[in-house]
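Shared between the two complexes below is chain A, which has chain B as its partner in the first and chain C in the second.
Let's look at the complex of A and B:
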C-alpha cells in the first residue's frame, strides 16, 4: 500500500477539510476533488474531516459523499483523531477507534489543509501545525491571518502600491454598547467618510459572499450592518462602484518568483454582485461538464478575449505583489474590482485557500498547469519551507536562570 | 461508410512550432465520447482532439454488420481519411484500447503514437479455481444452447444469461454479437506488431481489465512505457482523475520524436 510501482515509498498526505466555518460544505467539495487529482504514484492521500462540532475524523469512508449525508450516524464508522500540539508525534493521535488498532498514532508525512474560512484558513489550524512542528501546505500563520482580514489585507497591499477602495470598519462592541444611539452615529460616520449610497457592507473576515449586502439608503445600511455582524465580530463598509467588473487571478508559489494564472471574470446570475448561490448552488454550466462542483462549477469567463490585455497584465502583476506583500504561500486567488468608468483596478480580497484551489484557472493558463502538477508544486514548496525552518535555532539553553 | 459521431476540440496552442498531429480518443464498452471529454479538454491545451462515439455507441449508429475490432479499426481509418488526417495519436480506453491496438498494428503509417488506458484485448490468465469455474460455465453455456436447439426451449435466455452472463452482455442489446466477438479476441499478435511509441496507463485497482493485462501489454509492445496508478479503478480519468491522466499522457506525447515526414506535418 505504501509503495508505488517504482518501489519508492509514497508520502502520506493528510487532506483536511470541513471545519467550523460557514463554508464547511464547500471545503468538503474542495477536499474530495483534490484527493481525486493527487498523483497516486507520489502521494498516498488520507482524508481527515473536521465535523461542524470541531471533532476530527479520519478513515477511507470519508471519500464517499454519501457519508456526509448520513451524518451523524455514519460518524460511528470513522476514527476520531487529533493532532497534539507537541513536536515529534509523527502523525494523528487516535482518540476513539472503531477498529481497535495496535498503535495510537496514524503516521502522516504532510498536512494539506483544504478548509475555507474560520479556523481553517485564518491561521488557527496553522498555529496548531506550528506547535506540532509538522510539514503543512499553504500559508503560515501570518499570511493566513492577514489574508482573512479584509481590512488588514487592504492596508498592507495599499502600502505596496496597489489601489484599494476606502473603507470603514465597524466592530460589534461599538454597536452593542448603546444600540440605537451608536448605530445612528456610526451610520453618520460612514456616510461622512465614504460618501453617498449605494454602499457595500460585508463581514470583515468571511469569504464566499456570505453576509454581503448592498445598501441604498440609511435603513438598509442599518439592517445590512446588523446582518453582517451576525456572521462576524466586525463589519466593513465600502463605496459601491457604479460600473464595475470583478476580475480574479490565482497566484502560485515558486522557488524564484510566484507566478500568476490567467484572469477570470465570474458571472452572476442577476447581473449584480455574486452571491453564495451563484458561487456554489447554481451548478456547472461549463458546456458538457455537469460533474463539476464547488468553485470549479461557477459560471465564468476565463481569459476573456474582449478584456484589454493591459488590464489583464495589471491584474496579474498586482496579484503577485499582493501575494508577496501578504506573506502568502502555496496557491491563492486574488479578487479585484475594475472601475470600468476610469479603468482603475482595485484590490478587493485574497483567498489563501481558494475554492477548488483555483485549478480551473491553472488548467487554462499558458502553459497549462494541471491540477495534479499544481498540487505537486504546493506540496514541494511546503517541504522546502519545512526544511528551511528546521535549520532555525530554537534553543539557547538555560543561561538567564543561572545568573 | 459508417457514420461516426464525434466532438472536435481545436488545439488551444497558438505557438509557432506546435504539432498539428491530432489525437483520436476512443471510449470503452457501453460508454460514449462524454466519458473521455474531461481528459480531451485538458489535452486540447496542446493538441487538436477528436473524441469519437464508436459505431453502436453514443450517437453513432450501429454498424450494418456485426463488426470485430479489426473492422472497427477500418471504420476509424475511414473516419481519418474523411477528415484528411494522415497522422494521428490514439488514446483508447478498454474496448477503445482494443480498436487502438488493431489500428496501430494494421496502419503503422497512420498512427504516430498510442496511449492505452486500462485496455482490453488480452485474455485473462485465470488461476485455480477461477479457471475451472470459467471452463465449467463455458461448457454449461454450450450444453444449454444445444438443449434449446433440440427442444426449442429458451433456457439460455431465461436462466443462463441472468445467472451467469456479465453486465455488459446483459446490457448489450443489438450489440451482443459484437461484444461476444470482441471479448473472444486475443490481441497478443497485434500488440507485438506495434512499432510506434506506446504508453500504457493503468488504474491498478481495476477488476475488469486487471493490472496483469497492463503488464503483459508492456511486455508485448516493444519499447512501451508503463505507469500503474495505485488506488485508481477501471476509469482512472473520471472526474478530477482526468488531471492525473493528462499529467502523464501529455509529456509522453510531447516526447515522441517525429521523423522528417511527420515533422513536415507540424507547422
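Let's look at the complex of A and C:
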C-alpha cells in the first residue's frame, strides 16, 4: 500500500466485477485481466466481486481464478461488504453480524466498474455511485442506460445523422396478455412493418449474443420472440442483411475530443452471426494465458488491409458521433454493420463497458495506447469529472419551509 | 503403579489412538458420501455396503501388522514393542492422509450439509469415546499385552466405522423428522401465500423432462415455479419452496417421486395439486415396490389428490395410466398418445418425422390440427412434449404459443438431444496421444434409463445418418429381478445397429456382454471400461472419426459405477 517513489500516496482503486447478469463470468475475466494491467506505481487495485446472488465481497482470494470454481464454499473466505447510498462514507462498509456493531469502512478512492450487462452496465450501479457521491470510471447514469437499450441508443444516434436499420420492439407484457393469445397478431405486425424474412430477434437490453436468433419463417419468428423474451422484458426485431460485415471501433474519452481506435472485423466460426461461444469460448488462447481470455480471445482481424479506407474512416467518425450523442464516457466499443451490397454503414450497438475494455484495439492503434495507459486515462477522466461535479451547487438551504 | 514404562506405554497408545481418530475423520466422510447418495436411508446404504463389499482393508491391514508385530515383539524383544506401535500409528496417519476427498473428487460429491455434519460429529464423538474405553480396557485387563490388545480392538473399530455413521443417523432420525416437519410447515405457509396453480407430475419415467418442458412453456406467459434437476421428494420440495418460491408466481410445476406407497400422498399434503400429469407406470424401481400393481397404487395417489373440478392429463399409450383416467375422472380429463390402437385419444401426435436437427410432427386436439417441430428426438421425449402441450392448452394457453415454446425447448441437458460437436468435446484423461480431429453427432440420453427409453434411444441412433454408430452405456439399474434380462434384451437390440459398444462399469457387464454377443456384435467391437471418463478418453484419443454418432445411454452416479476401495 502506502506511497510510491514520487512520494504520492497510491490511490486505492476498487475494481468491481461479476454482477447479476448473464455475462457474469465474462465480467470476472475482464476484471481479473484489468487488475494485472493497472499501473502498480499509481494505483493500488482492490478486487470487489458481486456474486450472482447480488452480494458484494472483497478480499485477496478474489484474485485467484480457482476461487470462482469453488463457490459457494469459498465465499466463506472473503468479506461481505456494501456501498452505502450516502455521501461521505469514504469507501466500502464491511457487513457484519448484528451482534458485532463495530462495522468498519475499507477506504476506496476510485470505483472502477468492470461489469457487463444488467445492473452493472445499465446505470443501476452508476446510480448508487451517484448517491454515494464517489468517483467512478466510465459512463454516468444517462450514458449507461442509453447504451444498454438497443432501441433507444439507435433512435438517438439516428437523430445525429448516423444510419440505423429499422426495428420493431415487442414487449413481454403484450405476449403474456391473455396467456399468449396475441402472439400471432404481434408477429404479423412485425412482418408487416419490417418486410421479408430472414429477420433478427434479440433481447432489447442485452449484449453477448445471448438470446439472439435469426428467424426465416413465421413459426421461427414466434419461437425467436419467446426465446428473446426469456432474457429480457422487451425483444427487438430487425431485418437481416443478406451480405454484411461487422465492424467494431473503440472510442476513448479525451479532454478535447474523443478519439477512435482502429477498426476490427470479428470472425465467426460458422460464417454467420457471432455466437456466445465465438465471443468467449473459442479463441486461440492457450490455457492459463489469462491476458487472452474473454473478448480478447475472439478470432478477429484488426485494421484489415483489404477494407476500403473510406469505410474505416466513416466507421471511426460515426463512432465518435455516437459516443458523444449517447453521453458516453471512459472507453466504449461501438459496433457497426456494413451492407456490402451498397456500402451503407449502420450503427448497431454501443458497449459502454466493452469486454476486456477493448485494449486489443488500442494497442494496435496509431499511436498505440497500451492497456496500462488506457486505464490511466480512463481513471484520470473519472477524477476530472468528479472534481467538476463537486463544483456544482446541490443545496439552496431551507427556504420554502420557512414561509 | 505409575512407573516410567507405564507412562511411555500410555503416551504411545494415546498417539496410536490419535491416528485411529484421524483415520476415522477421513474414512467416515467417504462412507458419508454414499450414505448421502442413498438419501440417508440406512437400509439402502447397508445394501450398497454389502453388495460392494465396502469393508475396510487399508486400515485393517495396518492393524493386523500391529497385532502380529506387537505380539511377536513382546515375546522376543519386549523393549521394542512401543516403537512398533509408534511406527504403525505413523503408517496409519499416512494411509488416512491418502484417502480420497469425497468433497472434491467424485461425480456426485459429498456436501457437508447441516444434517451431514450432525451425523458425522455424533459418529466422531461416539467413535472417540469407544476408543477411550478400548484403551482403558486394554490397560486394565491386558496390561502385559497392551499394544496387541489395542490393535485388535482398533481393528474392530475401524471395521465398524460405517456402523457408527448408520447408528448416528438412526439416533438423529427423530430429531431430523421434527426439524423437517417444521420446515415443511413453513413451505406450506409460503405456498398458501403465493397461491399458484399447482401442477403435479409423476410417472415411472419422463416426469423430469415433462416438468422441464411444461415449466418452460408456462414461463413464456407467466412467472412459473418449478424445481431444478430431478428434485421430487418431500424434503427436496420443502427446501425449494422455502428458498425459491417468489410472490407473483402463477404456476408451480412440481415433480412428485414415488419412493413407496404413500409418498406421493404425503407430497400432495405439501403441494395440493389443482392439476396432474401421469406419464407412465412402468417397470422402473420395481426393487422399491415389488409389483407393477403397487407402482400403480403409488402413482394413483396423484390423480386422487386432484379435486373434481381439476385437470387430469394421462398417457393413453400406457395401459395403467389409461386406467387412471377411467377411475379418477375430473372436470377436464385429457388422454394423450402417439398410438391410436390403444383406445380413443383427446390429444394425438402423428406424422412424426425425425431429422438430424430434431423432429417434425403434427398434433390433433379437439378437432384442430397443428404442425410443430422440436429439437428433441425419440418417442418417449415426444410423448413428454405432447403431455406438456395438452396441459398447457388445458391451462388456457394459446396452442400457437405453446408450439412456439416447444420449438425452443431444450431439456435440462442429457435427455436425448442431438448435439453436433467436435470429438474434443469428450473430456477424458489425456493419455499422451493427440485428440482426434473431426465432428460427431452426440446423443446424450444420460439420465436414469429404463427399458422403453433405452429402446427408443437405440431407435433414434439407428435412424440417424452418419459414419459409425457407437453406444456407450453402463446399462439400466433398479429393475429388480428383471434387471439382467432387460439389459440383455436392450443389448441384443443394440448389437443389430451399433458398430461399437462400450460397456461402463461392472454393474450390468455380464448382461450387456451376453446380449451384445448373442445379437451378433463381434468381440473386438465390444470394449469394457471402468468409468465414463475412461470411455470418453477412448473415444477422444483412440476411436472417433469425423461423422461418427455416439449415443451415451444412462450415466450412473458413483454409487453404481465405481468400485470404491476402502
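Here are a few things to note about the model shown:
Operating definition for what follows: the second predicted complex is superposed on the first by the 385 of 403 C-alpha atoms of A that agree within 3 Å, B and C clash if a C-alpha of one lies under 4 Å from a C-alpha of the other, contacts with A are read in each partner's own complex, and residues count from 1 in each chain.
Note that in this section a residue touches a chain if its C-beta (ideal position, glycine included) is under 8 Å from a C-beta of that chain, and two chains touch if they have at least 3 such contacts.
Nothing here was measured: the structure is a model prediction, and the numbers come from that model.
Once the two complexes are overlaid on the shared chain, A:41 sits against chain B while remaining clear of chain C. After overlaying the two complexes on the shared chain, residue contacts for A:229 are found with chain C alone; chain B is out of touch.
In the overlay built on the shared chain, the residue A:183 is in contact with chain C alone; chain B does not reach it.
In the superposition on chain A, contact of A:359 is made with chain B only, not with chain C.
In the superposed model, B is the one of chain B and chain C that contacts more residues of chain A. Looking at the shared chain after the overlay, A:308 reaches neither chain B nor chain C. Touch criterion met: A:175 reaches chain C, while chain B stays clear of it. Legend: residue contacts after superposition of the two complexes on their common chain; A:373 is shown touching chain B, with no touch to chain C. Shared contact residues of chain A with chain B and chain C: none.
Chain A contributes residues 175-176, 178-181, 183-184, 219-220, 222-223, 225-227, 229-230 to its touches with chain C in the complex. Across the complex, chain B meets chain A through its residues 7, 34, 37-38, 41-42, 45, 204, 227-232, 238-241, 243-244, 246-247, 250. Taken together, the chain C residues at the contact with chain A in this complex read 219-222, 371, 373, 395-398, 400-405, 407-408.
Within the complex formed with chain B, the chain A residues making contact are 1, 4-5, 10, 33-34, 36-41, 44, 288-289, 291, 359, 363-364, 367-368, 370-373.
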